[in-house]
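These notes open a run of structures that come right after.
Common to both upcoming complexes is chain A, partnered first by chain B, then by chain C.
Our next item is the complex of A and B:
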């Protein structure tokens, strides 16, 4: 397999996944939607990365681009590289890509009810996923499925494997989906809002399960959510997305103690959390931008409280601050503003 | 002062066998009499509470605990099996439809999914104005337009969007359209059934702030149904925690958060996600899933999952709501249990009780 030599020369260990300038566009009758617009980040082994954003920010599209599960037409990945263990996934033929999906990169979708096929037994679905990638008998695969259901703490797994998805409760279905995603022990797990439809008590259990199963030394997790509070308990790196772009890339501690991008700041202020009193919660004014007609300059400027003239004209570039921390704002601190004025993008 | 709304021993049972043959299967003879014993889901079982004017009461609990059913029975969108609902001192549970009509105007509801409550083929102005026409408050289109534009302004929508269709609006805006529609009848009491559950975190605060403002402007009283405790703490004056059709704990928001009594309340609080990275908390884990509400046995409904201890009394005697402190009640046989909830510094709300 082709190995990216540029990366091997460096001293840093190769990241598990490197996303470079990925652009996923949707070509519709009403115009082009830049769902993912030049997103770059890397995921190291053992890292838990959260992608945070409002609906329409492109966070799920980023996850699906990594898996190359963009419905085409109308969608298309028009640019960028997705390097997984030295291999550019975007250049692979479809058959080879299949070897990566499920085996190397697993996925948990938001709606557990829709991710399972209602007419097959839960055990069969997990066993099938195993058999596609392993040379084994049906019985061995079935045993593997039962073992996986036991691992996700479904009681009485032998019997439960024989049941159909509608016989499972919401939390159990989500567990079954985790079992399905983990059956081939992928190195990278992409969890797309896995707990949004669940109750708090179930949510806490599922988060713990994902943490215990999916994240080990050599594995990594990409956790896509709009709920900062849930991600705070799980993830150690945060990518804040707005209108198809990453606007801040920080560690959890950096983000929650000292957010740099105004959107990240305002998002934290708007977060309804028990550790805040009533007057500490401040809503973000306005609405997310229209995807067909994003504002000129910085996409966030109509809602930003630090907005200045340059923000309406020039799109800020991602700049690196404090080690590996990144932020895309002309005025991420007021002191450094003059230096950043020259930054412009094509 | 009489509370605006008072609910006494409200009960809603749903029979499982409704067909003739299903019921025949459940028929038996006892002392020469024929008895049909159908299984019943005890969705709401002996629930009592009251809401003062201008107050917001939250009904929290996991899915399937009967919180939405309670809201609907109060409005008589579902008929109660037994119990009474008093609105402004008048019992409305047995009122015939004609006499209930004026109360229907005063008591409204907002549902979880605003897009499902709006007809995609009606423009926003028509949607908001419809109750006005149906109730004969406004007779002609010109007056309707004027009134609707006033309402749109009140909920923070641009009146220029009068003839736009629902698909042009975001979830938060649709919820505001719903609010404008509900407000057109000048209600006093609104049941809010998870109004922000389908919204983005960033829009929840915005939408809740509008609801708060409208509450002050229009003198509204809310029953806020939710499973999100953080939202509830931000928005509500009092909280009632429900489990399998029963209220297990009720009190001021601050009382519930600072001094939770019932093991279920404690478990809910301990599972609450908190926006503090790296904070390791002990989640009180509940065994299994929410129990079966069909023909429940006497005893505590929560006994099977209780993380504290299960004594004989828990399995035989249904616990009643006991006074803990002023305005704070819990239904547990062991109100001084030592289950600890680790909640990193809950910040108190500014007191805004209504006198």
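Our next item is the complex of A and C:
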């Protein structure tokens, strides 16, 4: 059930982005995959939100649904509303939607083998992205590209802009991707696993860069990752996703000190702590459910250690607790939080 | 080994002096291409042929059409390099002028086929779905038509109404769109899965911009290879038609027609068949070697060292 936050907290200003009951389904030959199944949340201006979940939980699909970049066919956004600054993006014609991509909402992609076009110079790509939305000369766009590269702390940007992606290191490519996402200064950034391909040191630097840029320019950030530890140092609010649904929506403090949903609890316990021996590391037993055939009731019940009869039959609804905190579990209250330190990556 | 390295350095040096950015894709492809000697020689041969075709009036020593019966069937000599035909016309001059016809057919019909094939292949691969279905059915339909016999029929019907040269060019071109369309579609299917395409969409690029600006440059190499092979095919087709007497009409010289005309004099004047045949052979071979060389140059897996 989508929860209208404006009713709950009348004093708060309108959120930058409000996602209400979005459903993104994939219609394949083998059946329907409910990649995103009724997801609701909101992002305020300047807020940094993490979407956490296993592979296939629907985190990236949620992010891509916001921009309406679901490959269609087979995918389709079948329901819900995505309200950005009062405009329902799902109702816009494609032409107008394009004006939102890059300009209002930017995406930072993962540095994969082909995340930048190998045919063009890095500077050209950033300049081109600027020229898609701005009426300016090539020289002005180039200046802008160099300025962006400087902003993402690439040294010697005038010369680096002249180079091709294959001449960049992984970390530099990731910086260039950030520059590409931010060149049209969007107010909302969606970072889709931006550091997964990088080594730990570079990862820390990139996270710091994203954080600095977001804070300095007061940008809202949706940070999609499977890595709780990385998100912990960056985000204010956490959305835990499981099998296409958000199961817990908490602030960073709330989640790390007192996780409510059993999945969130088990995720936190699975965090790798160097002081623990191999036997003490808790993996969550079982596998994520088959997307074609999700279990009846609560999707998590086959792996949940607190499963009860009702979990196998009735799907839990999202319940608002402690102000703006939400959880979807029949038995969230009877849990005693283990003593856990807040893990920070920085 | 040392010589190779030296040579590579020299080639890099030349390219840099020509203003080629060695870090760009073009620069790297060019460098790899230059290492393939057969392909480079083929490219030079074709370049010379095309230059000869362009500057034919300045190169041909004699008029290619005006008969001179005093010089009938002269063997090759210093005066007539490739000998003369039964009407006393200089074969070299006729081949030089004939190259204009043959090479034009090759080039223009390839251009026509690309004009249709490139947008079709891009649209088919990029959008997929029912658009792809329709285009692919059209591809299958077109490739089921035996183009040689289609042209034979059309020449029989309209051969005396419209210029046969352009008839052949356009029919080969229009029938030929399936080759590039199919090749390009396959490549587009691979390229559109790359992340930079999604990134381009996330930036707000239009479909047209993504297709032509982002996908095409990354898929175009299959087309370039196809172009060289297609040109060779078109030339063969045109010479074949002329050889059957259904192509370009005498007295205008065309390689296939020259070959056909020389057929009756194989015993007494073998040069009349040898030279045109040799030129067709060399041209088609050169195009094929060039295509192979380009394919290797564009394929990053063939890179050594």
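FYI, the second predicted complex is superposed on the first by the 309 of 346 C-alpha atoms of A that agree within 3 Å, B and C clash if a C-alpha of one lies under 4 Å from a C-alpha of the other, contacts with A are read in each partner's own complex, and residues count from 1 in each chain.
Keep in mind that, in the parts below, contacts are C-beta pairs under 8 Å (C-beta built on N, C-alpha and C of every residue); 3 or more make two chains touch, one makes a residue touch a chain.
Just so it is clear, the structure is predicted and the values come from calculations on it, not from any experiment.
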Partner chain in contact with A:275 - chain B first, chain C second, else both or neither: first
Touching partner for A:114 - first (chain B), second (chain C), both, neither: second
Touching partner for A:132 - first (chain B), second (chain C), both, neither: second
Touched chain A residues, chain B compared with chain C: B
Touched partner set for A:283, first chain B, second chain C, both or neither: first
Partner chain(s) touched by A:312 [first = chain B, second = chain C, both, neither]: neither
Contacts of A:156 with chain B and chain C, given as first, second, both or neither: neither
A:253 touches, of chain B and chain C: first, second, both or neither? first
Chain C residues touching chain A - in the complex, by the definition given at the top: 23-25, 128-129, 194-196, 198-206, 209, 213-214, 217-218
Residues on chain A engaged by chain C in the complex (per definition of touch): 67, 69, 73, 98-103, 106-107, 109-110, 112, 114-121, 128-129, 132-133, 163-164, 166-167, 177, 180-181, 184
Residue ranges of chain B in contact with chain A within the complex: 62-63, 170-173, 200-206, 208-209, 227-231, 233-234, 257, 267-268, 270-279, 281, 283, 285-286, 288-289, 343-350
For the chain A and chain B complex, residues of the former touching the latter: 54-55, 155, 169-172, 199-205, 207-208, 226-230, 232-233, 235-236, 252-253, 255-256, 266-268, 270-285, 287-288
